[in-house]
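Next come two complexes built around subunit A: one with subunit B, the other with subunit C.
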Partner chain A sequence: MSGPRRAAPGGRARVLLGLLLALLMLLPFVVNPYLLSVLTLILYLAYVGQAWNVMMGFAGQLSLGHSLYVGLGAYVSAALFVHYGVPPALGFLAAILVALVFGAAIGFLAFRFGVSGVYFALLTIAFAEFTRIGFDHFDWVGGSGGFFLKVAQRDYNDLVNLRGSPEMFYYLLLAMTAGCFLLCHRLMQSRIGFYWLAIREDQEAAQAVGIDVFRYKMLAVMLSAALASLAGVFTAFFNNNLFPFQIFGIEKSIEIILGPIIGGLGTLFGPILGAFVLTVLAEGLRGTMEALGVVLPGVKQVFYGICLLFVIMFLPHGIWPSLRRRLGLDSDGGR
Partner chain B sequence: MTSTSSKSARRLPGVTRRTFTGSAIAAAAVAGVAPFNIVRGQAAALKVGVILPKSGPQAFFGQSCQRGIDIAPALLAEMGYNVKLDVTSVDFETNVDLARSRAEKLVNDGAHVLIGPFDSGAAGAIAQVAEQKGVPFMINIAAAPQITEQGYKYVFRNFPTAPMLIGNGLSLMKEFFKATGATPKTAVFMHVNDTFGQASARGVEALFPRLDMPFKILETISYDPAARDLSVEVAKAKASGAEMVMLVSRLNDSILLVREMVKQRFEPMGIISPGSPGMYEEQFFTTLGKFSEYCVTNVPWYNPKSEIAQKVAGAFRKQFPNDRLIGHIFNVGFSFESMMIVADAYQRAKSTNGQALAEALRATKIDKRVMIGGAIQFNEKGQATTIASAALQNRNLEPKVVLPAEAQELKPVFPVPGWNNRG
Partner chain C sequence: MPIELYLNVALGGVLTGLVYGLMALGLSVIFGVVRVVNFAHGEMMTLAMYAAVMLFVYFKLDPLLLMLPIMAALFLFGYAMQTAVINPFITRPEHSQFILLVAIAIIMINSLLMFFGPNARNVLVDYAYDSYQIGPILLDKVRVIAALAALAVAAALFAFFRYAPTGKAIRACADNNRGALVVGLNVKRLYALTFGLGSACVGAAGCMMVLLVDVTPMLGPTYTLLAFVIVIVGGLGSMGGALLGGLLVGVSEALAGLVLTPSAKSMVTFALLILVLLLRPQGLLGRKA
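== the complex of A and B ==
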């Protein structure tokens, strides 16, 4: 393909992304509080999905315990705020640091001793579980009884202390999601991104051509952990209460990975699309059933299962790669 | 819109790869728009939004609470409450993030008051929405004390906090010994080491010295609730020489523990729980038969002597003939009371305005109630303070209230007969 033809889809992608971003920035002015809460949920799932995608989608390392990093980020920032008055604008650095340490420990244990594939996935679950149990008995942060942040009604938005309106949290999450998207975009176009790709496709071949596999896998795990911990900081100050079984639970980890799988593993836009499709369809399904007067608890979980089944059967690479082709964005610019 | 959505769903099995994405997005757009157009309710009705975990890990409890909500409108009308209640129930799937979103949805759809959610984390999230929107929130079941320590103006809780639960349970033990005229001098404290068990153990540890308990704890033994064999733990408890077993359990381990005690011929004066599930549950009776007899649990419970409780029991049996009341009464009782409190406040406020309802809720005084305790009232923090615990003793394969005296069904028995002399 010639240069101009290659550039065209990338330019179109940028225009579409710009429009999407503009739309997302305008939405809080026109939607009601409920829709805003749904949009916040979508952005949250999109953000954590992107964080997980760095590790699994880009570098091929399956983590089924990503709630670990979310939980650590949440507890570290909340504890610093409650006990020492450290605002989350600074506390997030400590949250990242702790998540990095845990990510490094898991990565080191696994990659140094050749733990890979499903065994690596089991290791990630094990870490999340024993951290949950540890926090159950960690009285300094409330143990199993929960850790509560003082809630105060304010007339203004305090971004430093993350105290404010749902709109403030929405825009914060939008900025995080956009930032993460740009970071992933840069990474995918960098040498690191190509090394990750090589490792994901064939680790032995990557090693044979001189890629420091250990180093780059560690980098993926640690970056993913750091990004996920920021989602935890958001969760802590948005919900204002933390319970180990809720934030470190396996259900949370599964929730994180569904978006990227449905949207498209290893793609830039897949986690965002997956989060949008799953949340909107689930909310729509629930609302439709409500309107019809049908009460079927758990129908959303069944629906998620069916979605997964269809994606695996008909769109094994997720929705985004297929949609990308249809939109004429099938080049690096539309990843 | 709805029909279009369902048509799309029916076509899905036949889609090709090429059309799937298009269909999915179309369905998303169609289905996503549908719920936002729902309009319901009538001018004169109080719109009650109920948020419960009807799926996920807490599904049983959420569905159990829902039964208490379901029987409420008709029964409250029968009881003389001249209010119309328009109830909308939603499921937050045991997910705190969704609890907040569901609360926003209910308020957006016009709910005047929120009830729920059988979970402290979810209660914390919903409380923030309620406070922001000025919509009263009546908590049916959630024990974390911090929820009512935040200075909220629209949050009310008709359920004891965790320290109140353990405190009530321990205090009731003293009354139990006084009523039977037999007090053990020593006990072994056995508890599960899960979240609930550890929290209870900490509560016992903190409150035991303050309450001047008449017996001494010789040993504390914790164990895994998923353990398949408790022979070592029971042997250790027997070897301690304690006269009584104080137990914080779950269901399966309580069954295992009693079986092992029978096997090892460990016959203390009795097994008493200061407040935990297990020994008053259906499965405990059906599995252990006569060995389930005489075990004691101190928990908040319905008052079988109360006129309203009897009406609730009757309505429950009528509406859910296949369910056994004993398995649901705890959740049903508190959930029904939440509805009753809200109806009472609305009747007095004569307005659906959030502030008027909150003021009416703050002035609540309902003498006749379902659960054991004093009149339903809230303190300045919105916390109900008069809920008491009952001592339930298993008799004739059912938990029976043996204390307090005003709710007593049978006289308490302590020390209990030996294993072979039961049934």
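== the complex of A and C ==
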């Protein structure tokens, strides 16, 4: 993790960012429903990748079980809505609260008992799997048979109850992603962000200069969990169905972390770029296979795996850091 | 009567647990020496299981006879993988290694899916339904055979690390990497050899496991997680710990399937993992944190 790592939106970067945001706001007017769904997927992965990045990219705590917080957010908000009629505009607060409690519990146990490195990563997997199997047997929310929301009416957009058109969901997600980006930008410039950096690079040294390591690691885990739970709220109301193996599965956790790592760990723009590259790759492969008439299951994923292998072998810091150098944005950022 | 039922189930768990232990032993040996967590471990296990199924179907060979050639094939596979792909990643951070091995796992699962399809395959030997009766205790013949074979392979590996010069050299690499380099050991080759040996363990475990369960390509991630749990419970890098962890997980799974519902059995396994990580993070038989 060497080299310049922050894209401080000074002059040029700020202009590019503004252009990107304008483009993303205008796209729904020109694309077809399929492309809109792909864009939504990209934004979703960008958002949830950014949430994970707070914990790993900024504070250096490797979580391989982030689907836990997404799933909790989804189930809490959906259960409140279905069983008690609480709209997600309120329910998201409960989702955040539950994710905070879980994040705090896992962080507390791990950091107090000195669980770190590979062991910490495996502990996060264990908690996610434990919860997945628990939800498989949790009949109040449908167990392994799934939990369903009434399918949305499409004649008007209702933001309070999150019932509406794909465009509404797209703009909501765009707002969430932009908000998360701004929050992360602010954090990286703040005292907390510098403390996290210090902990990530050398925890003992950070402790030696008087940083309350436990406290700031807890803060990273809890913030990351809370942000991830909002992605869960979105998923629940966007898809209208929840299955424990789909939302808590280890595949989902892997999906969350691929974007930021491929894009550039610890950077602000990495998760967005990574989500874009991976989704376009996956969809492009699917289109190619369909065009070639290949129906064999697994072919697409084999190519996907090979691409992943090459990126991680030849771009160890992700795509964004090397792209940023080419775009000449480095002079804006850095310290 | 219920006591006997519990005893029977627990003993069945012990026998399955030994096969689990052998699988986890491979992971433990690799981590203990190369310091890379093999996130494609379960996928290698399913590869071996498919190899056993295919050779059984086409040549009607007993999986016990197949064990040696499959172990050799997996050894070569592991050796090649370490040399070609993993070696440059040894000094990279953990998340980098993780993505690398996840990529390998994705390729392996889906290659198996391409060649064999999603349907479950199994090996039905003619002694599949035989069992031994000792007083009130009833043991499946396949389980006994699988467990004995797992023990034999584990014993051979223990002996190799204890007595063979190459085994001692590998242990030297694990204990003090720089020291091993200074005295002129070819560390890269020894790493590849270790990865090969760990893979051979999985190969043997796969041959045994195929006698006990059906195999599908999607089994890979499940076994990867199971191997992690076992190795962490026993102590990452400890060989005896892997076998002990396998036994514990085998027994707790079997009993949980009886007391709770079978689908909740891995919940008990993960609860065991969380407990061990919090109370004794280095594992039951592991040295220092």
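By definition in this document, the second predicted complex is superposed on the first by the 317 of 335 C-alpha atoms of A that agree within 3 Å, B and C clash if a C-alpha of one lies under 4 Å from a C-alpha of the other, contacts with A are read in each partner's own complex, and residues count from 1 in each chain.
We take it that a residue touches a chain if its C-beta (ideal position, glycine included) is under 8 Å from a C-beta of that chain, and two chains touch if they have at least 3 such contacts.
Note that this is a predicted model, so its numbers are computed, not measured.
On the shared subunit subunit A, the superposed partners subunit B and subunit C overlap sterically. When the shared chain is aligned, no partner comes close enough to touch A:Phe81: not subunit B, not subunit C. Contacts of A:Asp136 after superposition: both subunit B and subunit C are touched. Of the two partner chains, neither subunit B nor subunit C is touched by A:Tyr69. By the document's definition of touching, both partners, subunit B and subunit C, reach A:Glu251.
In the superposed pair of complexes, A:Leu41 makes contact with subunit B only, with no contact to subunit C. By the document's definition of touching, both partners, subunit B and subunit C, reach A:Ser144.
In the superposed model, A:Gly298 lies in contact with both subunit B and subunit C. Once chain A of one complex is fitted onto chain A of the other, the partner contacts of A:Gly287 are limited to subunit B, with no touch recorded for subunit C. In the overlay built on the shared chain, the residue A:Phe169 is in contact with neither subunit B nor subunit C. Common to the subunit B and subunit C interfaces on subunit A are residues 136-137, 144, 251, 297-298, 300-301. Subunit B makes touch with subunit A in their complex at residues 2, 5-6, 12, 15-18, 20-22, 24-25, 27-28, 30-36, 38, 54-57, 59, 62-63, 88-91, 93-98, 100-101, 104-105, 107-109, 120-121, 124-125, 127-128, 131-133, 144, 146-147, 149-152, 162, 194-196, 198-199, 202. The residues of subunit C lying in touch with subunit A in their complex are 37, 85, 88, 92-96, 98-100, 102-107, 109-114, 117-118, 217, 221, 225, 228-229, 232, 236, 261, 263-264, 266-267, 270-271, 273-274, 277-279, 281, 289. Touching subunit B in their complex are the following residues of subunit A: 32-38, 41, 44, 136-137, 139, 143-146, 148, 150-153, 166, 235, 239-246, 251, 255, 276-277, 280-281, 283-288, 290-292, 295, 297-298, 300-301, 310, 314-315, 319, 322-323, 326.
By the touch rule above, subunit A contacts subunit C in their complex via residues 1, 56, 62, 64, 109, 113-115, 117-119, 121-123, 125-127, 129-130, 133-134, 136-137, 144, 250-251, 254, 257-258, 261-262, 265, 296-302, 304-306, 308-309, 312-313, 316.
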